[in-house]
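Labels for the chains are A, B, C, D and E, by order of writing; each one numbers its residues from 1.
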Amino acid sequence: MVLSVVALVSALGVVLSKNPVTSVLCLIVTFFTIAGHYIMMNAQFLAVVHIIVYAGAIMVLFLYVLMLMNLNAELEPQKRNWLKYAGAISGGALLVVLVAALRDASMPALSTNATDIGLIKNLGMILFKQYVVPFEVSSILFLSAMIGAVVIGKKE
Amino acid sequence: MPVQYYIFLSIALFCIGVMGVLMRRNAIIIFMCIELMLNAVNLLMVSFSKMWADAGRVDAGSAQLFVFFIMVVAAAEVAVGLAIITMVYRNTHSVDINILNRLKN
Amino acid sequence: MNALISTALSGVVLMFVGLFVRNKQHIKFFAIAAILIAFIANLAQYPAVEHGGYIMYGMIEVTKFGVLFNAVALGATLLYFLLSGSEFEKVGEHVADYFALIFFILAGISLATSFSNLLMLFLAIEIMSIPQYILAGADKKSLKSNEASLKYFLMGSFSTGILLMGITLIYGAAGTFDISGLGLGAESVHPLALCGIILMVFALAFKVSAVPFHFWTPDVYDGSPTVFTSFMSTVVKAGGFVAFLRMFHSSFAGGNISEHWTLILSIITAATLVLGNFSAVFQQSVKRMLAYSSIAQAGFMLFAIVAMNNRGAEGIILYAAAYSIATIGVFAVLMKLKDYTFEGFNGLARKQPLLAGAVAVFLFSLAGIPVTAGFFAKYFVLSAAIEHGHILWLVLIAVLCAAISVYYYFRVIIAMYFKQGEPEVEAVSGGFKAALVLAIALVLVLGLFPNLLLCWL
Amino acid sequence: MLTVLLILIPFIAGLIAFGLKGSGPKVLGMISSLATVVIAIGSWCRFRTAPDSLNFVANWIPQLGSQFHVGLDGMGVMLCLLTAIASLLVFITIYNRNYEKANVFYGLMLLSQAGLTGVFTAFDALQFYIFWELALIPVYFLCSLWGGEKRIAVTFKFFVYTFLGSLLMLIGIIYLYSQTPDHSFSWASFTSMQVNPEDQKWLFWLFFVAFAIKMPVFPFHTWQPDTYEQSPTPVTMILSGVMVKMGLFGVIRWLLPVLPQGAAMWSDVAIVLCIIGIIYASCIAMVQNDLKRLIAYSSIAHIGLMCAAIFANNEQSLQGIMVQMFNHGINIIGLWIIVEVIQNRLGIKNLDQMGGMAQKAPRMAIFLVIISLANIGLPLTNGFIGEFLMFSGLFQYNHWFMAFAGLGIILSAVYTLGMIQKVIFGEGNELTATTTDLQPGETLALSLVVIMIIVLGVYPKPMLDLVSGTSEVVSKLF
Amino acid sequence: MINLVWLVPFLPLLGFLVNGLGRRFLSKSLVGFVGSGAVLASFVISLLIFLEVKAPGFSAQTVHLFDFISVGSLQIPFAFQVDQLSALFLLVITGVGTLIHIYSTSYMHEESDESFARYFAYLNLFVFSMLILVLGANYVMMFIGWEGVGLCSYLLIGFWFKNTSYNNAAKKAFVMNRIGDLGFLIAIFFMIMQFGTVTFPEVFAKAAPLGMNNGIITAIAMLMFVGAMGKSAQIPLYTWLPDAMAGPTPVSALIHAATMVTAGIYMIARSNVIYTLAPHIQTVIAVIGLATALFAASIALKQNDIKKVLAYSTVSQLGYMFLALGVGAYGAAVFHVMTHAFFKALLFLGSGSVIHAMGGEQDIRKMGGLRKFMPTTAWTFFVGCLAIAGIPGFSGFFSKDEILAEAFANNPVLYVLGLIGALMTAFYMFRLYYITFSGKFRGTHEQEHHLHESPAAITIPLVILAVLSVIGGYVGLPEVFGTKNMLAEYLAPVFAPSAPFAVEHHLSHNTEWLLMGVSSVLVIVFILLARQKFTKFEDAGQESTGLAKVLENKWYIDELYDTIIVKPLYELSRFFRDVVEKAGIDKLVNGVGRGVQWGGQQIRLVQNGQVGFYIFAMVIGMILLFVIGFLL
């Protein structure tokens, strides 16, 4: 419960903070709370990977780019506020609509029993037996991302 | 704890992400908000995984693998995305998306 | 399967070729050879799947339809390489990388034709999208290209988020990712599933640039290097449609469930037709006009999905072929011109009769005039919709829009044939002309005998 | 096989003509159209002895149930003959003209002839639709390349208008196709099935609008005067002589037999539109100063009568309309030939600037008078037979409709005589003083027209016999 | 001989073709010879046929040439019917026609070779059409001739085509005829619908059982009468005939006096069965005929154009014929047609002779005293006047008095009014005669110098017609004189079918004598009055006022038609052209196009280039579609 509140508040912090660096930090907090949820739901492996990939790698990359571009100061001019409000309102409206849509769904409660599907061993079995094709295919994705980084990043 | 709870939490996070995309003009922050959306999805996916595991589905772990793949893709996207943003910054010295409106009508 | 493997490998090979071969012409020949091999390899699989699909780990199911569509996509790409392959070098240094990216996209498309798991759908769409972000920004010096790339990237990632949310909700309702085992067509519709399906409609509508998720299309197509626009707006878009079709026809068809998304999708279709056609009317640049026209054409292709019958599937294949060939052809000629506005075409018929004739045939095809492939393409999607029975209003809108489309397509013809002017045209090689004649022949042959393509289905 | 030749000869000749130079295209056009006339007459003879031999069926798209099925019934023979004669007349008339890019001009003319013949011979709905569109394309290019000042906008309007109409028809065709039990496009299965009356109600309009635009029927007619005015006159001849018959043909061949209840339900509305068109167009023709527009409006009025007669749908009106299709074609082509002559000599179309041409060009004046009189349906000219039967049929359908349509008889006399008077009578002016009389080619063409006018006017029996079979079939199905 | 009846119309047709096609190379004399010869040959054949028909016990014969229109059960053959009525008309047409052809060879001699040939071609074509009209064995054949004569009338009125007002007159004639033709046509359609045939005997046979006052019969009768109104210049469709005087004078004589305008009478006489079955329509005919007779006569009183006077007199006389038809005296009408053909042709030809001598002058105020210059013309004209005025012994007397007597039998009011008309006729005819031929010459000296008697080709027909005008009446000598009415007996078979339905009126011989006496005396009085007033006519040149002015301006009927029909019609047409067409329909159609363009222009503004806005719009779209798809 507390985790959830923290998650929501820090998520809002990402959106609302004026300083991009604060946003990044808020996002990292959110990620940690989400990782907490993972652990609560017996997805230990995912929690670890999540911390490593998101909080560790990706956010650092973001932070790095922000610093590189010297964007730590607030640069957004305050013109056209209506777009902001409109954005907030429509985001809220989307929330309302989705909640209304899913309100009636009768879902079971999650048991507190520990399950072992989140263990690295079980996941590995699935990944290399059943999910080997996507595993291979994702290499294409990485290759193209790599080429992309080269093509776009390389100076001419 | 009912699954409903997680559904609403993820949707809330998701919508906050959407809100961020709509409200911010800094391309990097927008991108971060998109990452937030993806994480909301991940959270929901994990809770469903737990739900189906409780229901006795053997393959419930595949949902967690799906989350894993989402992370993989997100990483790839970040690589490309940050490259693009850097390229744009190099040319315009700004990451404000509203400066980019050469293409219109 | 063969297509997936061969295109992925070709992509890798071309990456390395780029390191060792400096001559850009040679790289182009490599690419053409590779695509030919992929084309043949793909067709080689046809006999194996003729009487039933080939399933791999529950992830991939190669079907007749998939193979045929791959053949169309690969064939169109071959034509594209032949017509515009030499334009790559004008974009930038990394010619081999561009080719490699295109092969990766093709791999994504072949995945889109054969996925049988939601994860594979997700990966397919990402594999198709990420290289596009890069290709759109390939012209690094051009601000327009930058802008296109960033816009495409931001909006594309956003739609990815929506797609994933949809998939998750569907998983929540069904407990599996296997598209044949979702079992959503049951009499009572789970709210989670319905919500998820709607979100997936949105995400896929984004990929095929349907209104109101089309906003990236004109800007990205306009801003990207023309040679890549040509590819993105044809083969890739058709790939998106195939994914759409496969997803919705195999999993979400039948029962109560289809009523809900059919309604939404028909509204989207109508909006796409109207907006695409109306916006195209007032364009000054032919390139941008073609971008809008691609939205309008997407509206027609959406019929096939809304209709949910075999005729629709046939229609998609024929439409993909007709539309790709014609658009690639028009773009190929467009790239030979200095001026992309309508005035740039003035008097082309006098100066370059073959080019003008080719453009005229392609535009006839896009407009759906008989004896061109475009006629039967439109015929099939319309008849799919009419057989469906409940969306005749949509058909009427489509017809009105088709009449509007004549307006902007014929503006080019009018400029070429009936106006005076001195268009600046690059020198065209004999090979280019030969390829153009081949494209014209394809358009006309498919326009007379569409069964040459459809008899494989 | 004869039927296929009728399409194939102009088609191939058209393609060849693109590649020829000098007077090659001219000669080729002559030969081809002469050949088609001969074949059309041959098929007439064949029709009397062995009508079934005129059918030709080949597989086309078996998956769709569509065949390449060309055939001729009485009406088909007649209209093919008209098409062939029309292009022959056109080619004879313009033999001495030198068009820029003559090879393209003749090529497109021949292609349009092929398309038109295709429409008249199609017994497969899909094929019919395709020819229907194809006939339009060459005409579009002809008008846009050789037309008047406003040609581009005007022909474009024409194109879009008709294209929209035909798309509506396409919907109708597809819908009907989906209703056929054997999933076939053939005329036989279209006519033999029973379409649900509720469906016929709206299907009727899909077809009718397409045909009405082509004819054109009020209020779908506004493309027509502009197009006739702006087109080069040889093309106008084809347009008004043959092409508008496509609409009438469509109604008789495809609308009435396939959707009899729909037609019955809406025939009053259709006829009222036609009658409004007759009076309206006649009135406008009375105050037209432009020769081409005047004839264009008169054509609207005449076509309005024909269309009304179709929907009156009894034996007399149907036979009347069918002969009238041929006769109107001949007459209006004759008129356009004269317009072509006048425009060629004077370079103007404004009636107020003409006058007195009877003194300088008496031969032309005589032809003009005869053809005009035929056009207003004077007895013993061909125009009378059709009009008489149509009015008679319409009268049997409804007295008042006929009475109002009959006002057209009076008004047509007013504007036609007014036109004659302004063109050839009066004192003349400096401009008309320079006129020369007809050249041999023009004389030949006009003489052929006049001979047909008189012969068919005095002895219409062969023509009536030719089409009686078709009208019986149609009225039986109706 | 009857089987050769097709030669009768065919010969003039041949003449038309020869003269029409050979107009460039044939000399005038050859043209004249061909033209007149063809009609003369027809006349001879007609005469032979007449002799056959005249034989007692002759019944109508049909000569079938070929099938004209055959559609389903409707058979319309191209066939001729020879009976007493058509034979009589054949004689009149070819006879008078021959004379006029001969006359024309001289009258039109000043025309160029080509026009001369054209003139004769038209004239022959007219004779052909007129013969088709009277010979046709069915109503469609009649209609063919009916429209054919209208066409020839059009061509001949506008013969001098350089003159715009002549052309207008020609057009007016044609259009007004067409109005009538429409009525005739509808009548034919009624027959086709009701009887399934248009052949005379069959129609009559099928009409008779329907009985009196049947709605359809009434409609047919009325509609045919509308046709007759147009062709025979009855109120309200008469105004074209005076204008038709624009044509050459022989044409006026042949077409607009002797033959074509009597086609209406022929039609009604031919359809006597139908009319007898529709007594209401008969009343209408009688009233309209009488009204026309009076109205036209009143106008003729104040006309100064020699041909106009004759034209109105023709209208007036035609009114008498319709009066006769209206009271059921078909025989009398036909009789008057015949006598009228003689004396009106004579008068027209005489006026032509005068005009010819005066060098084209037609205004009688500029003439005078012509008797001494052209005596033959003068006395023949005088005979004509006597005939038309109805002086006993002349042909007009017998026919007119038969009509008046029948009218009296029907209703004395009709007689009184008819008599007034007759008196006016006598007055204006002699006014015309005296102003023209007596007194002293009022024209220019040059004209006076040129005055001379016309050549033989002109005077011989005049003399022949004068003789006929005198003796022509004796074929129909009424029974009062103790002889049999030869004409009535001859025509009896034609009217026999209607006899059972007709109401018989019988006048005692005394009454008849009385009526004859009254009218003769009064006519002579009026002639003397005219002589008194006009022998020493001087053109005062002053504007007339009051009724005289109204009469001079023909009751302002042309102006009236112009204001209530022609002008509004053209206004309406202009309204259609400029407002409905250009600003209405066309604008609507173009407006759709423009609307699309405008829409395109507006819609593309949505694409404003801002990614933020794009995503915003996408989200809004998602919300809306969600609401539609999920919550609705």
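Here, a residue touches a chain if its C-beta (ideal position, glycine included) is under 8 Å from a C-beta of that chain, and two chains touch if they have at least 3 such contacts.
Source: prediction; values computed, not measured.
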Identity of the most central chain, Cα criterion: D
Distance-maximising chain from chain B - centres being C-alpha averages: E
Chain pair with more C-beta contacts, C-E versus B-E: C-E
Reference chain D; chain at largest CA-centroid distance: A
Gap in Å, rounded to a whole number, between the CA centres of chain D and chain B: 65
For chain A paired with chain C, centre-to-centre distance based on mean C-alpha positions, whole Å: 31
Length of the line joining the C-alpha centres of chain C and chain D, rounded to whole Å: 42
Distance between chain centroids, defined by C-alpha means - chain D, chain E (Å): 37
Where chain D touches two or more other chains, by residue: 160
Where chain C touches two or more other chains, by residue: 119, 123, 126, 130, 133-134, 137, 140, 149-151, 154, 158, 169, 172, 192, 194-195, 218-219, 407
Touching two or more other chains - residue numbers and ranges from chain B: 3, 7, 14, 17-18, 21-22, 25, 31, 51, 55, 59-60, 62, 65, 69, 73, 76-77, 80, 84-85, 87, 97-98, 100-104
Pairwise chain contacts under the document criterion: A-B, A-C, A-E, B-C, B-E, C-D, C-E, D-E
Chain C residues within the chain D interface of the complex: 364, 369-371, 375, 379, 382-383, 386-387, 392, 395-396, 399-400, 402-403, 406-407, 410, 414, 417-419, 449-451, 454-455
Contact set on chain B toward chain E in their complex: 18, 21-22, 25, 97-98, 100-105
Interfacial residue positions of chain D with respect to chain C in the complex: 60-64, 129-130, 133-134, 137, 141, 144-145, 151-152, 156, 159-160, 163-164, 167-168, 170-171, 174-175, 177-178
Parts of chain A lying in touch with chain B, wherever the complex brings them together: 4, 7-8, 11-12, 14-15, 20, 23-24, 27, 30-31, 34, 37-38, 41-43, 45-46, 49-50, 53-54, 57-58, 61-62, 65-66, 68-69, 71, 75-76, 80, 83-84, 86-88, 90-92, 94-95, 98-99, 102, 105, 107-111, 113, 115, 117-118, 122-123, 126-127, 130-131, 134, 138, 141-142, 144-146, 148-149, 152-153
Residue numbers on chain E that touch chain D, as the complex places them: 66-72, 74, 78, 114, 140, 143-144, 146-148, 151, 154, 158, 161-162, 164, 167-168, 170-171, 174-175, 178-179, 181-182, 185-186, 188-190, 192-193, 569-570, 572-574, 576-577, 580-581, 585-586, 589-590, 593
